[in-house]
Every structure is written in C-alpha cells, then in structure tokens.
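In what follows, a single structure is set out as structure tokens and then discussed.
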Amino acid sequence: MIVIMLSEACTPADRRRIIDLVQFAGTGLRVHTPELLSLSGDRDAIRALLSDEPCVLDIAKLPAAYPRSARLHGRPDCTPVTLGESSIGGPGFTVVAGPCSVENRSQLLTTAEAVRAAGAHALRAGAFKPRTSPYSFHGLGVPGLRLLAEAREVTGLPVVSECVDVRDIEVMASSVDMIQIGARNMQNYTLLREAGRTRVPVLLKRGLAATLDELLLACEYLLDGGNEQVVLCERGIRTFETSYRFTLDVAAVPVLKERTHLPVIVDPSHAAGAKGRVVPLALAAAAAGADGIILESHHDPATALCDGAQALPVEELPALMERLGHACAAAGRTMRAATPARAR
Amino acid sequence: MIVIMLSEACTPADRRRIIDLVQFAGTGLRVHTPELLSLSGDRDAIRALLSDEPCVLDIAKLPAAYPRSARLHGRPDCTPVTLGESSIGGPGFTVVAGPCSVENRSQLLTTAEAVRAAGAHALRAGAFKPRTSPYSFHGLGVPGLRLLAEAREVTGLPVVSECVDVRDIEVMASSVDMIQIGARNMQNYTLLREAGRTRVPVLLKRGLAATLDELLLACEYLLDGGNEQVVLCERGIRTFETSYRFTLDVAAVPVLKERTHLPVIVDPSHAAGAKGRVVPLALAAAAAGADGIILESHHDPATALCDGAQALPVEELPALMERLGHACAAAGRTMRAATPARAR
Amino acid sequence: MIVIMLSEACTPADRRRIIDLVQFAGTGLRVHTPELLSLSGDRDAIRALLSDEPCVLDIAKLPAAYPRSARLHGRPDCTPVTLGESSIGGPGFTVVAGPCSVENRSQLLTTAEAVRAAGAHALRAGAFKPRTSPYSFHGLGVPGLRLLAEAREVTGLPVVSECVDVRDIEVMASSVDMIQIGARNMQNYTLLREAGRTRVPVLLKRGLAATLDELLLACEYLLDGGNEQVVLCERGIRTFETSYRFTLDVAAVPVLKERTHLPVIVDPSHAAGAKGRVVPLALAAAAAGADGIILESHHDPATALCDGAQALPVEELPALMERLGHACAAAGRTMRAATPARAR
Amino acid sequence: MIVIMLSEACTPADRRRIIDLVQFAGTGLRVHTPELLSLSGDRDAIRALLSDEPCVLDIAKLPAAYPRSARLHGRPDCTPVTLGESSIGGPGFTVVAGPCSVENRSQLLTTAEAVRAAGAHALRAGAFKPRTSPYSFHGLGVPGLRLLAEAREVTGLPVVSECVDVRDIEVMASSVDMIQIGARNMQNYTLLREAGRTRVPVLLKRGLAATLDELLLACEYLLDGGNEQVVLCERGIRTFETSYRFTLDVAAVPVLKERTHLPVIVDPSHAAGAKGRVVPLALAAAAAGADGIILESHHDPATALCDGAQALPVEELPALMERLGHACAAAGRTMRAATPARAR
C-alpha cells in the first residue's frame, strides 16, 4: 500500500490534480483524509509522476494493509501471547475450557477443578453474554467476574472472559487474564480502540461473516493502540449449510499463519452446535496447526443456562486431551505442560 | 414461545425435575435464568403437566420470538415512524439522500440543497464512520454533527446519521432526527439497549450476515427499551459473488413486511458499490414494496472522502425521483410530497 | 487474456523456459494444452520477452475470458433472441409463464389459454424435471412434449421447456421453441456442448452457486458451438438466509448488462418459494432492467405435482401484467405486444 | 417420511379431499405422482384420518428421505467399498493420490510409481476434465484411459477417474476401478442414474453449494439403481471467503458419519488452491475421522496442465503419509497397509 502525504497548503484543486495523476499509476485509490491518499501500485512510478507537485510531502510504502499484524521479513513466525503464567503460541499447544457462562459458585468451581485436573491450561466462562434475543439470559455481570477471580485463586488457572460493553473495559482489565472480544463485536471499533489502550491480552474472535483480512484489520485496531498481546480465534463462519451451527473454517489456520505472526486458536464448540461433533473439530484444528483451542465444557450440560447442547461434559476432557496429543504430533507440536494443582 | 416462571424457593432439584417434565411436552428448551424457562410447545399440555409443581408461578405464552416487532393480529400493517415533520411508512415513499460522510461545510450544504431541490425527503451523512481499517478516515465527529444541524436549519430537511459508540448516544439524540445503527453494530447489544432508552427514531440496518429473524430480534432490543420508533433497512448481504460489494436481498422487503409492522427501507448504494448500479437497485427496491430508500449522493463523487465510487452525483437525483415514481406505482404507492424550500 | 501458441516442435525444456519467462511478465498463467499457454498481462511486454523463442508461433490477445458473450466495442447493447414469432431482448419486455411441469392435457391447456389471455408471450412447462430426490415426480417425458406442441398449436404461444439429458437434445430441438438448461446443469458441459451444436434458442439458468463470470463462461460453451441464440436467466442463489428458497440476486441484471450483449431475464418463482413473494420479485426484476421474466403459474396450485407453493394462480396474471407495465416504465421500457388469439 | 398410496380409481376430487385431510395432520406435503403423496407426520394419526377413504391403498413409513444411504438401526456403522484389491471404509485409512489430469505416458507413470512408493493406496488422474472455460484443456479422453490402465498394470494401484458424459459410462466402467462423479455433476441426475446401473464403485463428490442432505439424496440415485458401492467426498464449499479456492467443510465428516453408513473421504487439494495448505487440510480431515483422502500430486507441478498450484510434489508424499499416521491415531484409526510393488 502506497500512502501519499499532502501538505496543509494543498488546495482542493491541487488535491484533485494529484488524484487524477495517481489514478493512472495505481489502483484502488482510497482517500483517507484531506492530508492523506492511499492506493496500491508501484512507489517509484508514483514518485516519478508526482515529482513536480510541491504539496506532496512524502510518499511512503506500508508493508501491508495491516502492518502491525502482518508476518513480515525479520519477524518471528509466531509471537507468543501471555496467558497468566503460561502463554499461547510457540511449540506448545494450549487448551482453554470452561462453561459458556458463569452460573453460580458451585457450577464454576466444580467445572474449573475438572478442567485443571484434565490438564487444560486456562478457564473460560462468560460473565457478560451477548444474546440474539433480549429475553435470554445475559450473564451474571460483575458478580460473575468475582466468581471467576475465585476460581483462578482456587485452581491456579488463568481466566478468559468476554467483554461486550466499552464501559466495562476497566473492570474486565482488572479481573481477567485475557479479555475476549466476541464474533458479534469483531467490528465494534469503539470496543477495539479501548481494548487496544489496555495492556491486557486480548482474544479476538472472527466475525461470522468476516474475511480473514477483515479479522486482521480489526486486530490492527488493537495493535495500533499499543496492545501487542492479541490471539486470533476462528470459530465458524456462516454459510448455506444448516446441518450444524456454523461452518468451521479449518483452512483459516494455515492461511492466518501465512499472514500474521500472532497466535491462532480455534473454538470448535460454536460451530459444532452439538456435543458429538466437538471432538472431531477440536482434533482437526490441532492437526491443521492451530496454537490451541477454546471449548465449552460443563459439569452438567443438561442444566446449562446457555449452549448446553454443545458443551463437552467435563468427564470427557481427559480423553480429548490424550487424542489432542496425537493430533498435535501430526502438526509437529506437543501439548503444553499442565498447570500444577495449587498447594493449599 | 412458552415461558415458565419459577419461584425463588425453587431448588436445583425442583428445577431439574421441571426441566425433565417439560422436555417431554415441548421442544427447544431455552433456560434463561434460574427463575425462567422458555420453550416451544402447547401451553395447555405444559400447564397440565406442571399442575402439581408448587414452584411454578405462571406459564405464559409470548406471541412470537419478537413480540413487539411482530405483525400480529389487530396491529396495523405498517406503523409509520416520525422523521422530522415527515415520516417513513404508510402509502408515501420516502427518499433519504446525502454523502457518505460530512466532509466540510461547503460540501454538506451544497449536497443538502441539491437533495432538497430534487424532492428527496431527508438528508443522510455520517459524522462518525465505522471503517474496516484503523488507518482510514473516521469522520469529523461532533463538529460534523454541528454542520448537520446547520444543513437542517438551512434546507428544512430532517437529518439521519450513524452512532457507533454507546457513549455518543446522548449527543446524537440531541443533534439528529433519526439515529442510524449500522450493519456492523446490528448485534452491538449495548448500543441497542441505550438507543432503546431514548425516544429518538432509529434506523436499524441489517448486519451483512444476519438473517431476517436476527434483524427482528436486534430490533426487539430497541422496542424492549420503550423506543417504538424503529425503521428497518436492508443493505445487502455477504455471499460468494464478488461482482459487486454486497448482494442486495430484495426479497427481504416482502418477507419483512410479512413479519413486522415496522417500516422497511433499502440502501441500494453499499450493495451496488458502483454508481451505475445504484439506480437499478433503487428502482427494484421501490417496485418490491419498500417504504423508502436511503442512498449516497455527493456533489463531486471523485473527491469524496469515502465511498465515492458508489455515490450518485446530485445532478442525477431528479431523474431518479421521476423513475422512482413509476416503480412506486408498480407497488401501489405514491412518492411522498417534497419538503418545501425554507423561507429565508 | 493473452494466448501464446507453441509449435509442435516445442520440447518440454523449451516449454519450461517459456513458462519461466512469461511468469515474470504476466499473472495467472493457465496452461491449456502442450500447444497453448494463456495468462493475463501486457501483450507487447510478453511479445518482447519471447522474441527470441523460435517455437512461439503467435501471441494473441483475446478480448475477454468469454469473447463471444462479452459486450464489446462495436457490438449492440443487446442482441435479441428469437422466441417463436416474437423475441427476447430490445425495448420490449417479455413474460414467459406456465406450470412447473406438464401434468396432463387439461391442466396444460387450461393454464396455457389463461397465460395467453393475460397477455403473456410464451408458455413454460417441464416435461423432464430434475428433482433432488430419486423418489419424486420426474415429469411425463416425451408425452409431455407432445402436449406442449398441442398447447402451442392451440394458443399460438411459443414453448420453453427444460432438457436434462444430453441424449434428449434432438427430440427437444424438434419439439420446443427454446430449450432451457436448468441451474443444476449450468456446468454440465456435455449438455452445453450438444445444445451449442443445435440452432435452437437456449435459456441458460444461473447455477445456484455460480458467479456471474461462471455463467458467462458456461454460456460461452453454447456460443463456441455456433449457437448464438442464448438468453441468460437469474433465478436466485444460495446464501445463509433461510426465510425463502433462494436469494434473488437482482443486481445480477445490471451487472450482466454491463458485461454481455445477450438478453437477461429473471425467474422470480424459485427464489420466492411462496406465492405472495413472486409479484414483488417480478416487479423488482422489471424495474432493475431485465428483458423479461419466466414465472410459474398454475390454474390450481393446490394440486400441482411440483412447486405448487410458489405458483401464481393464473387468475392473478392480468393484475401482474398491469403492474409490470409500471415497473417497465421505471426502467425505460414497454411491455411487448401480446400474442393474438388463434383464429380457429 | 410418510407415503400414501392411492388407487388408480382415485378421482381428482378424491385426491383433493385427501390432500385437504392430511394437511391438517402432517407437514411438508410433497405430491409425487397422481398415485402417491408424501409428507412428514405421525403415521397413526394420518391412518386414523384416512380410515374412511376407499381409494387409499396403503400408508407406509419410509425410514428417511434417503432410505438406502441412511445409517439405520441394524446397519453397520460403515460399509466398506471395494477399491481394486483394497477398499475404503473400516478401521484403515486410505490415500488416493495422483495428478489432476493424465498428460502423457511419462508424466503418469513417474507420478504413479512415486505414489505407490510413498505407500498411498490408489491412483487418481483425469482423462476427461470438466473446465469452467470452453477454451481450457479438457483432458486426453480415451487415450488417457489407456494410459491409466497401463499405470495400474505397472504399479498395481487401483485407478480412480472422473466421468463427465453419460455416454462414456460404459467405457469408464470397463477401464477404471472407481468412477468419480465430480462436484459440478453432483446433480446431473442422468449421469447418476446410469452410474447407478453399473456395478462399478463410485466416488461422489459434494457439489460446491450442496447441503449434506442433498449429497445424500444424490447418492440415493446411485443406490436406487442397485449400485451399493458408493464413497462420498467432501471437497470444499463456496462461501464469501476469497483467501483460498473453496472452504473445506471439515464438519461434514462427523455429520455425514452420523447420517450414512457409506464411507466418507476428503479432497484437500481443491479447497486449498495452493500447495502449502494441502497438508494441514489433509491432516485435519484424517483427525476429524475421514475414511481417507484423495489429493492431487504431480512429479513436476510447475508444468502441470491444470491445477499445478495446488498439486503436492510427489517427493513430499512420504512425509505426509507419516504425519497422516499421527492424525489417524487421534481419530482412533490406523493407516491401511501399502500396495506391494509389482513383481516384474
């Protein structure tokens, strides 16, 4: 991407003439501000063309539409992101598990302890739930965050939870180890901007009709704010097929790995929509080279307040962990070491 | 939808037993809160089944998943929504036109005057712009709102403009005649909740991968807050076709008209992506029975700071208005009377 | 598209070297045969590059990926296609109507007479029906063609009917005025090739997941065989929305009109899936500039052997014709004159 | 699915009355022929309703819309399908590899030998190629089949090749071990019917916009003809994402396994569109529980006459086979034993 910077003295007529000139030499002219033009094309050709224009201050070449997220020459293949005392990205595979939502103390602690005992690495659970209907359960809110803090204290597991309101960013940042920005908010730029101002790791889920480039551009909002701790998450896209809830786009894993240095994980639960399909999708994600998975698990799915149908019973987690080990081996990885039990 | 209300004395064991019972009599059990169950099924059958359960307080039947938006027996076919001194909905067809964004005073006033002179009924222009890239132009902000107020003062046209941040709802509510909630924020429930607390008319655009039922459920957030002034807008969905920007779903017009009493308009500009296709799509929308259109028009599209390619030059508006008259006749409607010029 | 023709004397090593050379000068190298390379790029640059290669016979520039279908400089905007004594394309708007399938003599003749009386211009009805399930009704076959011939004889209406088997092309060509190739067979190249060898006009329907360019390339098979009488038909594409059967892509009309000189019509019935939506979609198609519509109509939809739900009762055709007149006016067209009743 | 059989004495009035009756008791009435009605609903309720109707011969209940493909009570989980002296389905994992098309003797034999040496189980290569453009390479035709026979003779590998023309079914049936019906022909019912009359195993690929139920219904055409040797193949569907060629729907594997007793394999090449993504997708398919994969491999991808970009170089096959072993282990399977080299 070529960016042309104009001086403040640039008149509309100057601007118009420059636009006419560059439209012969480039494509996809996108005018950003009165002081900035951007387009695709050859920088030298554009430079030559505009050499006599006094109000052109500079002609720069950005390495990509998302310069901070892009996997560029000289950058590592994958920049690990902190998750409590552990991390996501690198040779180890990370498993985040837990219920769709925090329902009550006993449900959360029972599930969290089972997640830890199975060898998973972090706990997920929503205190604030975005729901399609205004008449559905929307989460416990701040009391849910307090229960999450307790679960972390008891199990030693770091905690991932979703933020749905820009006004909650501060309380989230002080309560959880990783803030999730969900699929429906992937292009809620206000929320992205504010999360980008914190230094708390962010898990950014792909919108259900977002292209991979749009996901990387949304991510760029976070990085542009100075927060470099971002994990991307494929969670299924919307297609014509109605046999399941969303179409898990497993090819997103290798394609994102080509384009970005940030870790990429997969949520197999929302796409599956039904328990029996979660394990095959989790294994597929690991075999395709994901840095981890985040899945819904519950100690009693039949009574779950949301998404019970797709929750893996916690007693099936140990078998999944073992099978994930084989799938990781296919991808040339190993399972990350488990979080040790807390001494009490 | 059947809703079962439980008493606070309900123990988990009671709750579990009730769930087991209703799962035989209904389908799609969705548990909302510890005090509420909802499912589909026959109310009388469920009532009989639960007659011996002391912790069941009441069993209610909601008329639809979106009871406030639904076109129910006894409701009018279409409830008009106020737009300045005019309205959207009913026998008249409404045209809202204007630039993608407020760029400066002269651009806005020139375009606004041309919009009024062509006989269109309201002015659109963005002061806050949601953009895919963090490096693009994001609008003038509050100064843009002030220019919009001036344009309204000068032309008499009511003003429609987008709100992208829940923290701006108040300033928007005091500045514009209709708040637009854009496609990317259709499921930003925080924003919907706050807009639902105002009494300013809202234009709710369909998300680019939202089903029509999801649009109506998003709308329900607004109505649930007490704001009954909502207009729905089809603006193109995302499909596999790449020949244009989005696929205009013209069938959304008759289908929404079957399901809701709220007015339905169409944005032909974002789907078209190119000027030459805007007029055919606008005419198609009118012929299919839409209550109006909202389109991008600019006095000098080549210099527009955003979406110039799809902006209709203002000098083509009068011919469009005339052709829309024929398309409205096909749908059994007439064009709404123009806003008279302001006496100065 | 640049095409490079190689001599038979070209060795694999020669070919490899040429490929390496052109990959620096062009993009999208698509190797067709050992004697042909094709790619995008600048012909002069490629010519210069290959000037020393003795086994390059010629370097030609095709005007488009679909040179025969493309709307090129010097060609008319729209080439009318014969339909009996009438035609499709040009200033007049054409209406083709009739039942999904030929069921029996009385059904067909009753419907055909009503179609003619309403002022529609041709009769459609399937004798061979492609069906998703092997256990569904698949049409009357050749006896159905005989009934169609009788209906034409009685009403004077030309007849459009679908061919689903390459071995039926001859009998179809001698029985009907226009052979329909349905959406499911749009990329049945065998059928396209054989239909291209006849001189019977062809109605080619867009596949339900075909891009507009793929439709034009499928059309090119017909034209490449020497059959220049082809009408294209938009009939709805498959998307995530499930509120109706297919998403009618009304923007396909102006986009195809930009790209091809062939007539473009719309089938509003299959997308609608329900009677009440057929009229709005038909009007939208006319207003968007289509050259005609083809719709399902039946004298008794409740007993139709297929697609009864989306069939417009014949008694509603006259009102539709009148409303189409207004929609045509919006698009700057007029309704084509009706077929006069046969003197008996 | 309930099927109601009517006597030949049934008058239209009888038929109409019966239809009216069953519409109160069932849903989704689909009338097949004058002698047959089908619908969903409760058989006993419908039987009671029609007890006084003398022209109702019988009321039967079909186990599913696709009774022959469905995984029903009493059937095995997976019915293996013969492939030469080996098979697809059961505990072993099968790898079919080879070039997109047969280009010449040396190319085919070189690649085939490498495929065998790597331990893959069958050879794929097209003699007839369906191509989007009429101006592309369409395969060598019958001489290509002869080269395939020679490759089988030399390597001992069974051969899979695509049939695109119903008139070629016989020559294909006598030349190859498994006839492929490609994605574009999945709903070419003529071809399905004729392939169903042979007893040659068929590989049926999912259409690029076909639902899984439509794939099973297409499969039912084959089984209905008496050919019980059918393997289903997921090969990527068309979605809005343009970062790769098609979206590999890995969830199709567990969902098809729930619904059918037929083997399910995956083609990772066409979805990937680029070499570097083939291996991750192949591993994902194996981990998700597929019975095998079919992939494009070439001894010199840069010179391939079609699909070179997505062909895995044959020298990378051995490493893939090893990694597939791990992915199979994740799914609880093992790699099928390799075809021994031919004694010469």
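Which chain is which? They are A, B, C and D, in the order written, and residues in each are numbered from 1.
By our rule, a contact is a pair of C-beta atoms (placed from the backbone, for glycine too) under 8 Å apart; a residue touches a chain by one contact, two chains touch by 3 or more.
Fair warning: this is a prediction, and the values are worked out from it, not measured in the lab.
Participant: So which one's got more C-beta contacts, A-C or A-D?
Facilitator: The comparison resolves to A-D.
Participant: Taking each chain's centre as the mean of its C-alpha atoms, give the chain farthest from chain C.
Facilitator: A
Participant: Could you put a whole-Å number on the gap between the CA centroids of chain C and chain D?
Facilitator: 28
Participant: Using Cα averages as centroids, what's the distance between chain A and chain C in whole Å?
Facilitator: Here the centre of chain C sits 44 Å away from the centre of chain A.
Participant: How far is the middle of chain A from the middle of chain D, if each middle is the mean of its Cα atoms, in Å?
Facilitator: 35
Participant: Which parts of chain B, given as residue numbers and ranges, touch two or more other chains?
Facilitator: Where chain B meets two or more other chains at a single residue, that happens at 209, 238-240, 242.
Participant: Looking at which chains touch, is this a line, ring, star, complete or other?
Facilitator: complete
Participant: Chain B touches which residues of chain A in the complex?
Facilitator: 12, 15-16, 19, 30-34, 38, 62, 65-66, 130-137, 164-167, 184-185, 187-190, 207-209, 214, 217-218, 220-221, 224, 238, 302-306, 308
Participant: Chain B touches which residues of chain D in the complex?
Facilitator: That would be residues 209, 238-240, 242 of chain D.
Participant: Which residues, counting only chain B, touch chain C once they are in their complex?
Facilitator: Within the complex, chain B contacts chain C at residues 209, 211-213, 237, 239-244, 247-255, 258, 271-272, 276-277, 280-281, 283-289, 323-324, 326-327, 329-332.
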